[in-house]
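Please find one structure pasted underneath; my questions will follow.
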Amino acid sequence: MREIPVTPELAKDHGLSGEEFARIRAVLGRDPSLTELGIFSVMWSEHCSYKSSRIHLRKFPTKGPRVLQGPGENAGIVDIGDGLAVAFKMESHNHPSFIEPYQGAATGVGGILRDVFTMGARPIASLDSLRFGRPDHPRTRYLVGGVVSGIAGYGNCIGVPTVGGEIYFDECYDGNILVNVFTLGVVRHERIWRGTASGVGNPVIYVGSKTGRDGIHGATMASGEFDEKSEEKRPTVQVGDPFTEKLLLEACLELMRTDAIVGVQDMGAAGLTSSSFEMASRAGTGFVMDLDRVPQREEGMTPYELMLSESQERMLIVAKRGREGEVREIFEKWDLDVSVVGEVTGDGVGRIRWKGRTVAEIPVAALTDQAPVYDRPAARPAGQDALQSLDPAALPAPSDLSETWVALMSGPEMADKRWVFRQYDHMIRTNTLVLPGSDAAVLRVKGTDKGISLSVDCNSRYCYLDPFVGGMIAVCESARNVACSGAEPVGVTDCLNFGNPEKTEIMWQFRSAIEGMAKACEALSVPVVSGNVSFYNETMGKGIYPTPTVAMVGLLPDAGKHVVQWFSADGDIVLLAGADRLGVNLGGSLYLKEAHGRVAGTPPPVDLDHERRLVAFLREAAGERLLASAHDLAEGGFACALAEACITRPDGATGARVRNPYPEAVRPDFAMFSECQGAVLLSCPPGNRDALLSLAGRFRITIKELGTVGGEHIDIDGVARIAACEMRKAWREGFAAALGLEG
Amino acid sequence: MKTAVLVFPGSNCDHDAYHALKHVVGVDAEFVWHKESALSGFEAVVIPGGFTYGDYLRTGAMAKLSPVMEAVRAFAAAGGPVIGICNGFQILLEAGLLPGAMIVNESLRFVCDYVHLRTETDRTPFTRGIPPGKVLKIPVAHYQGNYFADGDTLSALEAGGRVVFRYCDPSGEATPSANPNGSAGNIAGICNEAGNVLGMMPHPERCAEGVLGSADGRLLFDAMVSWLKERGR
Amino acid sequence: MKAKIYVTLKKGVLDPQGKAIHASLGHLGIGGVEDVRVGKYMEIRLHDMGKEEAARRLDEACRRLLANTVIEDYRIEVEG
Amino acid sequence: MKAKIYVTLKKGVLDPQGKAIHASLGHLGIGGVEDVRVGKYMEIRLHDMGKEEAARRLDEACRRLLANTVIEDYRIEVEG
């Protein structure tokens, strides 16, 4: 095999700009070898280097009394007291899932699980946030089926429950679906591990599956000519092996209970390359690695392929000198490959050897710290004003409000998602106290009274119409969902899904969304401890709605005091907290899209000071056991929130009779379906009324009593009325029906 | 009184079974690695759920080859109580300790949900004292829980009173719509001729505490404890 | 040397996968299909050991692991 | 008429199932096996429509449903 010459053209095929190629020659003081080019190309890729997003990500608040590990590690870590902490992160696997939905989604789950147990944490729960094209798009059903079964196939097998998530459908995702997965793990403070390669002379150990030509950087195509058998060497889709990952999980946690190691990092994107160089970079060290010692699945792999392979279920470990034996013993017990592939050096250079020669020699800092950083130009799109203009008065009023109400509740956005979450094992590990179906999932932490509350949210219509406000809302809604369950929001992770950052309007969306999210996080004092950016979500130049998915982690001091979203007892009174937040807002509403076929206007206004007080009030009310239920007003407005409170109870429906919280003068369809931020529908036994009202007073929350739970009908006095069981049936069957799936 | 919770590569309900036994029911429990070849000192054996060997080839197919399964065979032959839950049931089928086989759910989808079970017999150590006809609320979580056996085997099971649990509606009727996977005769659990080996797809260990939505699963473990106590005398 | 193993469901054992595929073919407008049965197909590479020995070992493998004779039949083809 | 369809993983694509089976054969003491790859095998019964037509329809079936051509190859055998 002859090394093919590295030219600017080849660099371009590797996605490196002219300037970037020049920079490589500068830092090396020579032309890179093919292997080195490959290494730079993946390390300086958007995915690994965050070159277009870094300067904006700095705007997030990342510190706080509970933060044990902020962004920059495999996962963020937040203290939950009593020597325990939670490690969590969210990852995107959008493009792979579009090409091969089952394997793409499955390996996405595998990746995020590794990010969490790499830190020493035992994963206890996952969430999935999904976006697909129109329900009637020819490919949507296939993609939904594949992605959902892929998440199930991997998560169920490894035994980590998928306890919640979200799933939306919109034309803008027809050619570019979003698959974001979140995992949270629990770890004792003293068992937290980080990805550092410190200690000159310490062995670098490869564990897990063998390396194949999986998912190698598309560039191998370009550089393929140098080998006759290039057809056979075609980069292949990554296939996940959850069984091997389960063994890897148990073996790693067993190893981490010893003190034989100094650092661990999973091999995710850019496998061996990113794990080795990033670990050295964090420790300010260097390393030598001998590729002949890497366990290989296929014949004749080149150094280029070995360094860029994205084979799954692999980890890189730096152990203490002389402790290799213990590592080997544990991984062999679990039938996993283990091989000492190199050692830590002190000269800050990464040296890769293969068949006795050095095929790459790169100063670690040059590759990591000196990676390019761009402040890309951003500009508000010309069309934005037109997009935001909306004259509600011009909208025709529906002939039959109840019909519209049922239509919204049974549409794919609001309808029961059990077709999805029944395929996920959401009970395994016996911690799930609130199963999928409420605003937030709640898990107990065994051995303590504590509970963890989880919600993932993003209304991308809002973000499209106003990325700044939409970003604020994503944070506020997820915090509200968690607070509705009675928890205190303690940490955020996010997945920022956007189009091509080289376009000024995309960069504007990105910057604005981050600034909105940051402002909301500041106001609610929740730090962002980890996250992920996915750019270039475009097909044929058409970008998706900006979709900054936010996952919120909440803490309940007493899991037994959690609250659910559905009414439970006849005779309970129904109240609306944040009643002063109601307004006529149709901008970006579900009603506007479904009933009038438009996505326009501006999202509902947000009052961050109110959100802060509301979250505190809800926690306090739950803590004092005053609430029977709490459900925030979101898509579909007051009427849909009320309907959800009546029909989402797992074992059936109940009616409720309430008065219209809007003034008479407001058009009834606007009163029912206007969307707002900061209002929550509560129910409680009559006996708790006074205590609840005075508590609301203490937090300066406007609260209105609306009516009572019970009866056969969901009844908004003088506006609309429908049999609860009829609404429930439509809601239960709507999802499968809309997608033409078997229920 | 010590119970063994077997652990195979890919077992993932082992900790749940252990928790239910030790921390809820309060009996002594110990994990036993699949390479062990003896079960001495144990009075009952739990083969927990999971995806042993990834469910590759067939569920339970590779696990049945583990050394510990020979010990289970001997333990069962000596009349010791054995319960196989979900993947544990599949392993017992593959090992030939119970008749029949599992095929993929009729829906071709994994199903995780609460179902209702009608208790058909109190002859097993795990249903001792539970009145036949009693309806239990218990979760299932499987992709291959569609029980199949040929006609003769089925009639033998029915005739021998070896169908222990049937999927039913809340009122106790074993209707087709109450069947989550297509199992023959709505069968959710069966036992061997002696009655000491029980295999069931639903997960009693997941509903042994009220906070989890149902405590009905605890009845099976309590039954096991009193059965062992009686035998002890 | 190489061998192939075919594992098929016994007659009378229902085959939800085959059933579903049959139905989907209909939805795709691919007509004329009367029945679909889904089985497993394994390609095995072995050291040279002679056809008989290979067949003997693979038969043992099928009986003890690769097929569940309660519901499945198997067929072995050893290539010279 | 009858046809057989073989769906196999493309070369180089990881086969976790084959890997696990290979290991188990080892534990069983069945030696000499170098590699195991697992695929799908389908037996299809069709109305008589002539070999060409059957092959055409089944090829469409494979492309659109039976095989995932991103990671799998397929082979069709129509019996006269």
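Which chain is which? They are A, B, C and D, in the order written, and residues in each are numbered from 1.
Here is the rule we use: contacts are C-beta pairs under 8 Å (C-beta built on N, C-alpha and C of every residue); 3 or more make two chains touch, one makes a residue touch a chain.
Keep in mind the model is a prediction, meaning the values are calculated, not measured.
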item: A-B against B-D, pair bridged by the larger set of C-beta contacts; value: A-B
item: Euclidean distance of C-alpha centroids - subunit A vs subunit D, Å; value: 36
item: Distance from the mean Cα position of subunit C to that of subunit A, given in whole angstrom; value: 41
item: For subunit B, residues contacting two or more additional chains; value: 53-54, 56-57, 62, 65
item: Where subunit C touches two or more other chains, by residue; value: 40, 64-66
item: Multi-partner residues of subunit A (each touching 2 or more other chains); value: 241, 243-244, 335
item: Pairs of chains, among all present, that meet the touch criterion; value: A-B, A-D, B-C, B-D, C-D
item: Touching residues (chain side subunit B, partner subunit C) in the complex; value: 57-58, 61-62, 65, 93-94, 99-101, 103-106, 108, 146, 148-150, 182
item: Complex contact set, residues of subunit D against subunit A; value: 10-16, 19-20, 23, 68, 70-71
item: Residues of subunit D that touch subunit B when the two form their complex; value: 16-17, 20-21, 24, 27-28, 38
item: Interface residues, subunit D side, partner subunit C - complex; value: 6-8, 18, 21, 24-25, 28, 30-47, 49, 54, 57, 60-61, 64-66
item: Interface residues, subunit A side, partner subunit B - complex; value: 149, 152-153, 156-159, 241-244, 246-247, 334-335, 418, 421-430, 432-433, 435, 444, 446, 559-560, 650, 742
